[in-house]
Structure formats: structure tokens, C-alpha cells
Amino acid sequence: MQTFYLGVAAFLLLTMVVGLIRIFRGPRQEDRLMAMQLFGTTGVAVLLLLAAAFDASSMRNAALIFAVLAVLAVAAYARGPNRREKEIK
Amino acid sequence: MTHMLWVVLLPFLGALCCLILRGRAVAGTGILFSLAVLAVCTNLLPGIWTQGQIRVELGGWAAPLGIGLHLDGLGTFFLLLTAIVGVLVGLYAAGFFAQDKKHNAMGRHFWPIWLLLWGGLNGVYLCSDVFNAYVLLEVTGLSAVGLTVLSKTTASLVAGLRYLLAAMFASLMYLLGVGLLYAACGQLDFVLLGQDMTQSPATLTAFGLMVFGLLVKTALLPFHFWLPPAHSSAPAPVSAILSALVVKASFFLLLRIWFTVFPALTGQAGSSPVLPPGLFLGLLGGLAVLWGSLQAVRQIRLKLLIAYSTVGQLGYLFLIFALLSVSHGAGGGPSGATDWTAMAWTGTVFHVFSHGLAKAALFLAAGCLALAMGTDDLNAMRNIAGRMPVITFTLAMAGVSLMGLPPSAGFVAKWMLLRAALASGQWWWAVVIILGGLLTAAYVFKILAYTFVPSQDETVPLRPVPPAMTLTALALALLCAVSGFRAEEVIALLPHGLDGSPLSAQGGSP
Amino acid sequence: MSLAPIFDILLITALLLVSWRLLGNSDLFQAAVLFISFGLFLSLAWVRLQAPDIALAEAAVGAGLTGALLFATLKIVEPKQGRSKNGAQPKSCRLDRAAECPGRMHYILASIFVLGLAGLLLTAVFSLPDTANGLAGLTSGFLAQSGVEHPVTAVLLNFRLYDTWLELGVLLLALLGVLGTRDRLGPQNVTAAQPPNPVLSWLVRGLAPFMLLATVYLLWLGDHAPGGAFQAGVVLAATLVLLWLAGLGSVVRMPRHAWLFSLVAGFSAMLVLALCTTLAPDAVALAYPQSWAKALILLLESVATISIGVILASLTVLVLAGEGEANGAGAAETDGKNGM
Amino acid sequence: MHILAVLLCLAGAFFFLAGTAGLLRFPDSPSRLHALTKADNLGLGLIVLALVVTSSSLAVALKVILVWLLALAASTSICFLLGQSMLRQDQRQDQ
Amino acid sequence: MTTFHLYSFAAMLLAALGVYGLITRRHLLRKVMALNIIAGGAFLLLISTAYRNQGAFPDPVPHAMVLTGIVVAISATGFALALIQRIQKQLGQRPDQEAGDENPDQTETSRSGP
């Protein structure tokens, strides 16, 4: 079972590497952030799988923190229009 | 006996007090703590005198596991220099930051950061652990940048950012070296690492990386790019601290890494590499002496001139690596070598001391001038000699020491280095030292010449300078000269310093 | 376990690819996104190398705080990020005059230098033995006397407490440095320049209790398992920043004295320990009294968690607020209404 | 039990693959966003289910489920924020 | 190729890449990122070093060092970014002006206006 989990984790990692293309290409910033978001979720899955494979419960804590704090960067990005932009309008 | 952790504890405690207090109490508290630190440092002197070196294991955990503190004569010299300059700069700062409201706001931030910096510097002089040294490098680096940007001018912000990036880069290179060293040797203590250091690609690379990082931090010639803008755009007391003290801390660590951690690689323990790395450092140092002084001659802003002078004067410090690499590489009996080995050490330590005092005096005097005239352009300094004689005298005294003219402390330093160079048969370093002295004379006389030029309009009003500021600058310059007059006493202290200096530290067990 | 090398190689490819691309391309926004991904891949590497302590910290720092910091700076450095009609980057942020217009020579020299460095580093690493115990043996030998059961916590809070103390000083210094360049003394009443997004507020309201619980949990965990002051501190910091972004108060609503106290609490607690142990005639500097070790470590860790959290959160909030520092009255009102 | 877990895991991996494929192949940003929101939550959900089935204790199972729920909430909000941000920009460009 | 060697090789390559980026990239923000990549390399070296231990757990000392390093790195990064912002703000107006007497809104708005 351990090998199987590792295999699935490796596969998910592969999808992440392939998904990098969307970050490279864009074209919109939101596309890049979307890819990052998919990375985040995939990363959580990989962490959970590795936790199961290595039987290390502390890795699940890392997954938990990961799952939640992915919001932080996007929230910092999508902070509504700047004061400046509003003034221009 | 006083515990040596006090020299770290007290400044930190002071920093916290200054952070929490508000208003006029801040400067008073800062000065009070400065005096206390000076007292503690003086108090440590007898212990070093009798025992040569002191070692403490923090937390009661012996070296490979825990962190040790290690104080010897060399460290004591640096501690004392920091304390003397620290107290006087503190007194100066009390006047400087009381000028107006804007400076008041700066002063509120100055004291906590400066005292944290002081604690970090003292920590470096006690340090005996490569990773602990990394954290201390970060403490000193971040606080130095924090002080640089206090004036909030664009120039100082840009200089501060460049300084920060250089410092981060330097400490990361150092950390990379620490990682390799730990991977190869499995421990972190200076003395223990030095005892079973072997030559392998990993340790050699670690050595290179750590030295590289420290060279960037000490601003040796090709890596000096961050120093002149940072030191010249900071507020005057900060410039004095940066030039006199902060660069010396990374130099101190370099001495430790070079002579204590890697004695086998630097030709200290008999085996001599084909091309001693010390020669390379000496070469860069020699170039720095000439190039830095030459640049200083070309400047027309006083603070920038003094900052370039720092680049040049720091070069002298690196001659010791070249001088000593040959001495031990030759494998001659220590009896013949000790004589001028000791001279090289004495000269270097003396140079650290005299340059620290003189450079602090110069920057403080420049600060007084800038306050009085509103600029530090040399052209504006016409006839300043007649109108501000004390400051001009300070500039002259400090300049005399930098040049290495006879009665001053700088003279003793350069004389010792010169004799060491000649006695060890490396006359070319003597040429560098003399040439550097001449160039230094050129820029010192350039400053003085401007102050004596009679000016057309005598009416440009000068802002009054608080006596606390002029007098502290004068005190530093005089101290520099007095320690030259009293050279015998200071040198008499040095053998005790040498007992604990890395040369013999290998013999003593931790 | 034959699949492990495949996983390793994929992970390393990803790390190198991301960092290469991050440094290479011209779009700063893309670089920022890649930087966050870099943090993510790095924490996978930490987990793979059995360093869950690091993975926990990296999850909060790499994916959370750094990303927020970078996006905030981008907003100011490149206000027209993404939808740029004139893609010119502001000149002002290229301060390195020597590199202002780097010629071919610059690149060639840099390449030679870096290739040499890489060769040196790879040779060095190649010469290292496959197995070595470092200080692991000593650590586990003295673990029983340290007062905690988790070796990393024992190293941080007991064997090498001095480093941890100084490191809290570094944190404090970074914040003091930032405050020194500002006109005001703290993040009090600093608000985002715009009303918070209602969905975000709703989400954060739900998440915040979980996160605060996770902070306490991680702190408590540090005694016997991966976790502890650092991890709990960075999670607390990220939570506080999230609260601020959602317009829910956070560090900006702390009374000045409470805020100042939390900043210095961790550093001072260790200072007090150092003072007491240095002053006491028969004590060893920075050594815990044997029977008190466990309790004192827990106390120090709790205080350090608060300090790390508040310092990092204040730092991030100040950077995030950026030009919004001079708070608009409207935003302040919204903030007041939603304040916790 | 194991077979069920293996199947669930494979299905989850497939959804992640589909999500990545959608991210790469779909022509415009909104449709990519749609593909993403479904794929990653379902993928993670299935893998979590697999881990729950094989988990050694109730605590582990609950924690894994908690991770999934939190990730669900977070990713939904992220996608909403991103969609909103795209919409706002499009409006601005139309003006 | 052991796991240790694989990851420590990667670490060294990352560090070298970071140095290259630091030297050749002009934008300050990217220099900061390059520094963080060097830091990542240094941390990876330490952690892979710790992984070599054959005992029950990896060597905890490098783990502690990296935890310290991560927090140091994030605080220095935050400081650097704050400085970059401040410089940008001040350069957006007139260069070499004192920070005390500035009006951040005016020039910023006019500069970013269409």
C-alpha cells in the first residue's frame, strides 16, 4: 500500500509539473493564480498521501495549514480596487 | 567575577527599556546603559589578564551539543573598543537627536536598534559557534540597515536596501558554508572544529564560502560597493557606528574562522598549501588600501570621502593574513617567527583600535559640520577653521592618526605592520603601507586645506552646534592620540591579548 | 520503495524548473506566483526528507506570508500589473547602477562565476559521506534531561536556546527597521484602502477559530511531536494577517501597550531567564532548573509564539497597507463596525 | 477494503489529471475556472475518502476529513475571489 | 545516487541559480526572490544532511537551524520589501526629497493615471 500511495503521489506531482505550463503561459494573472490554486489542492493531496505512506501524522498538520493558508496570497492579490484606481474613476 | 554574558544582556535590556519608554527618558536610559556596558567590559579585563581566556558553556550543555561563549584577549580588545566608541557616540547622539522634531522621531528608533546592535556586536566577540555566528551576523546586519535608513531620505533608503541585500547575500553564503561544514564535520564549535579539521573538498568549499561571506560583510575591495553610500548617507552617529564598529565585527569573525576553525587550511598548523589563501586576501587588502584612498582623494563630499577612507583603511587589516600565511608556511621554528608574528598581531589589533576611534571622530565631526552648515560639501567649508576651531582641530587629530604620524595610535599600528612586513622579508607590503599612508595624507590635507581657505562671504550663518556633540568628537580624537602617546602601556597589554589570541588558542583545551 | 526516486526526481525537476523560470522571465507577477509554488514544492521536499517541523513552518511562510508580501509590493511597484498597456517597468526599482544596462560581458562574467561556484559546490557535496549522525546521538542521549520529548524542540528551546533568543531579536529588529522608515510608531489603525470583500470576511470568520485552535494545538504539540513556537507563531501571524485582510481587526486594533508588550514578550522572557540565571550565584547561565524545565519551556514557547505571530503579522500588515497607510475615514469606519 | 481504496485513489488522481488537462486545454479563463473548481475538490475528496477507508484510527480519519472540509471552503472562496477579480477587470476594460 | 546526494545536489544547483539571478537580474524584487532561492538551497542542504542519520529520527540540529533560518529569511524579506515600497513611493515623487514633507497622493495618482 505504501508503494501505491507513493506512486499516486508521484503521479500527482507529475500533474503539478505539467500544470506549471499554465503559470508560464498565463495569459491573465488569474490564470496563473488558478494554476497556483490547483497546485495548492494537489499539494494537500500529496501531503496526505505521503503522510499515509510514511505513517507520519504530523504531515497531516502541514496539509491542514496548507489548505487554509492558500487563501492568504489570493486574498492579498484580490484586494478590490486600489484607492488610486477609484480616484481615477 | 562578572559573567561575560552580561555584555550581551545589558545592551539588550537597555534596548527593551528604550523601546518601552517615551520622550526624553529614552536618551537618558540609553546613556545609562552604555556606561553600564563600559563598566562591565572594563570589569572583565582583570579576568582576561590573569587567565588568558575564559570559556562558558551556555545552559550547562558542553560544546558539541550546546553553545559555548569564549572570550580571550583579542575579543576583549574589540569589546573595549566598542564600549568606548559606544559611550561617546551615545553622548553625541543625545545631542544630535535633540536638534528638532524630526531628529527626535529618529532618536526614538535609534536607541533601541543601536543597543540591540551593540549586544549583537558583543555577542560576536564572545562567539564560539559557527551557527551562532550566523544568527549574530543577521542581528548586526539587520540592525545596521535599520540604523542606516533612519533618516528616511531617498539616498539613505536606497543605500540601506543595497546594504541589506549585500548583507543577506553575505550571510547566506556564510550559512551555505556552515551547512557544508556541518555535513562534513558534524559539529559547530570553533575550537572543536579546529581540532579535527581535515582537508576535503567539502571543508575547503565551506572555508571559501564562509570567508567569502565575511569578506562581503567587511567590504574588502571588490565587495565594497555597498559601503560608501550606506556609510555616507546615514545620520552622523550611525555613520560613526557603522564605520568604526560594525565592519570590525565581521573582520573579527574572519580572524576566528581563519585562525581557529581552519588552521589546517590556512597554513597555521604546519602544512603549507602551494598558494596560501592568505596571500590572496593580502593582495586584495593592498589593492583596497590604494584604491580606497585614491577614491577618497577624489571625493568632494566630506562624508563620502570619509566613507571611502574606510574602504582603504580596512585594507590594512587584511595584510595580516598574508603576513602570517608566509610565517607559518615557511615551517620555521616558532622562536624566529614569534617576534614578528606578534608584531603583525599587535599592528592589526592596534589598527582596528585606532581606526575605530579616528573614524568615529571624523564622522562625528562631519556631523557637527553638516549641522552647522547644512551641507557636507567640501566647498562650503571655506574658512571653517577660523569659525569652528574645535571641530577643525578634531578633524586634524583624527587625520593625523589615520595617516600614521608619530605620536598617534595610528602610527603605532602602521609602524608595527611595517616592521612585521620587513622582518618577515615581505618588503612589498611595506611599500603598500607607505603608499597608503601618503594617499591618506593627501585626503586628510585636502579636508584641512578646505577649512583654511578664506571665503569671500563671511556672512553665511552657522547653526550653533551643541557642545555635547563637538566635545565627544574631540574626546574620540584625543583618545586616539593619547593611546598613541601611551603606546607602551597598550602594547604591554597585548601579550595578554596574544595569550588568548588564536595563535595559542589551539594549545589550550576548551 | 522503488518509486521514491521517481518522486524525488520529479520534485527536484519541479524545484529547479520553477526557480529557473522565476529568475529568467520578464513578468514579475508570474515570478511572484512561481515563488509561491516554489515554497509549495519546497515543503513537499521537507516532508519527503522527514522534516515535518520545517514543512509546517514553510506551509505558513512560503505559501502564506511570502505570497501576501510579494503581491502587496507588486501592487505598488507595478501598479498596472497584468493588464499593462505600456509594459514598461518603473526604472526606479533598478537601483544597481552597475547593472543598469548590463552588457554581454556582465552576463558572461556572471555565468563563469556561477558555473565555477556550482562546480565547487557539487564537488563538495559529492565528497560527503552517505551516512553521518552529526549531533543526533548526543541530542537523543540528553533528550531525557531537556524537559521535552521532541528533539527539535529540545535543541531550539534548551540545547541552543541562545540562538533562539537572538533569533527573536532578529525578528524584532526587522520590525523596528520597518517602523523606523515610517512616520508612525505602529500598525495601529492601519487599514486596507478598500472595504473588505464580504465573501472573504465570511470565510475568515469561519476559519479564524480553527486557525487559532491550530496555533494552540501546534504549540502544545511541540512538547512531544513536530510543532512548537516557531510553527505556531507563523500560523498565528498568517491568521492575524488574514483577519486584517478581511477587515476583522487583528493587530491594528490592539491597544498600543498590549501590542508593544506582545512584540517584546518573547525576547524579554528569554532575557529574564538569562538575567535570573546569570545573577543567581549557583546557576548556570541560560540553564533551566532541572525540575522546572518542562514548565518553563512551555511558558517561553507560548510567549515566543505570541511575539513571533504579532511581529510577523505587523510586518506583513505594514507592507500590505503600503500606501494605504494614510487611512481613509470610510475604511476606518467599516473596520470599526466589523471589529471583533 | 484495499481494493476500494485503490479505486478511490485512482479516481481521485484521474480528477486531478482532468483538472490539469482542463487548465491547460480550455480556451478561456472562465471555463478554466469552472473546470478547476470541480476537479480539484472532487479529486481531493476521493483521495481523502480512500485514506479514510484505510485509516488506522478514528482520529486520523476525522483529521483527514477536516483537512478536506477546510480545503473545500478555502478553494471555493479563492475561486470566487478570482472570478470576481476577473469580472471587475473585464468591466473596467469595457468602460 | 542516494537520496541525500540527490537532494544535496539539487540544493547546490538552487544556490548557484540564486546567485546567478542575484547578479544578473536588475529588478530589486527579483533580487529579493533570488536571495530567497539561495536560502532555499542552503536549507535543503541542511535538511538533506540531517536525513543521513540512520537512527530513529533525522538529526534534529539542522532542523532547528533551518527553522531559525526560515524565520530570519522571512523577516529580512519583509524588511527588504518594505524598503522597496518606501523607495518606490519616494522616487515616484521627486528624487532625494526629504521624507518628512511629502504628500503621497498627488504625484502617485498623476503618475499612474492613463
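Going in written order, the chains are labelled A, B, C, D and E, and every chain counts its residues from 1.
Heads up, the rule we're going with is that contacts are C-beta pairs under 8 Å (C-beta built on N, C-alpha and C of every residue); 3 or more make two chains touch, one makes a residue touch a chain.
Everything numeric here is computed off the predicted structure, so don't read it as measured data.
Comparing mean CA positions across the assembly, the chain most remote from subunit B is D. The chain pair with the larger count of C-beta pairs in contact, out of C-D and A-D, is A-D.
Our note on geometry: subunit B versus subunit D, Cα centroid distance of 57 Å, whole angstroms.
Computed from the mean C-alpha positions, the centre of subunit B lies at a distance of 31 Å from the centre of subunit C.
Chain centres here are Cα means. That of subunit C falls 11 Å from that of subunit E.
Annotation for subunit B: residues touching 2 or more other chains are 131, 135, 138, 142, 145-146, 149, 152, 157-158, 161, 176, 180, 182-183.
Chain contacts: subunit A has residues 16, 28, 33, 35, 40, 57, 64, 68, 70-71, 75, 77-78, 81, 84 touching two or more partner chains.
Counting partner chains per residue, subunit D shows two or more touched chains at residues 70, 74, 77, 81, 84.
Across the complex, subunit A is touched by residues 1-4, 6-7, 10-11, 13-14, 17-18, 21, 25, 27, 29-30, 33-34, 36-37, 40-41, 43-44, 47-48, 50, 52-53, 55-56, 59-60, 63-65, 67-68, 71-72, 75, 79, 81-82, 192-195, 197, 200, 203-204, 207, 210-211, 214, 217-218, 221, 225-227, 235, 238, 241-242, 245-246, 320, 323-324, 328 of subunit C.
Interface of subunit C with subunit B (complex): residues 95-96, 98, 120-121, 123-128, 132-135, 138-139, 142, 158-163, 166-167, 169-170, 172-174, 176-177, 179-181, 183, 185, 260, 264, 267-268, 271, 274-275, 278, 284-288.
Contact residues of subunit A toward subunit D in the complex are 1, 4-5, 8, 11-12, 15-16, 18-19, 21-22, 28, 30-31, 33-35, 37-38, 40-42, 44-45, 48-49, 52, 57, 60, 63-64, 67-68, 70-71, 74-75, 77-78, 81.
For subunit C in complex with subunit D, the residues that touch the partner chain are 83, 197, 199-200, 203, 206-207, 210.
Those residues of subunit E lying in contact with subunit B across their complex are 8, 15, 22, 28, 31-32, 35, 38-39, 41-42, 45-46, 49, 61-62, 65, 68-69, 72, 75-76, 79-80, 83-84, 86-87, 90-91, 95-100.
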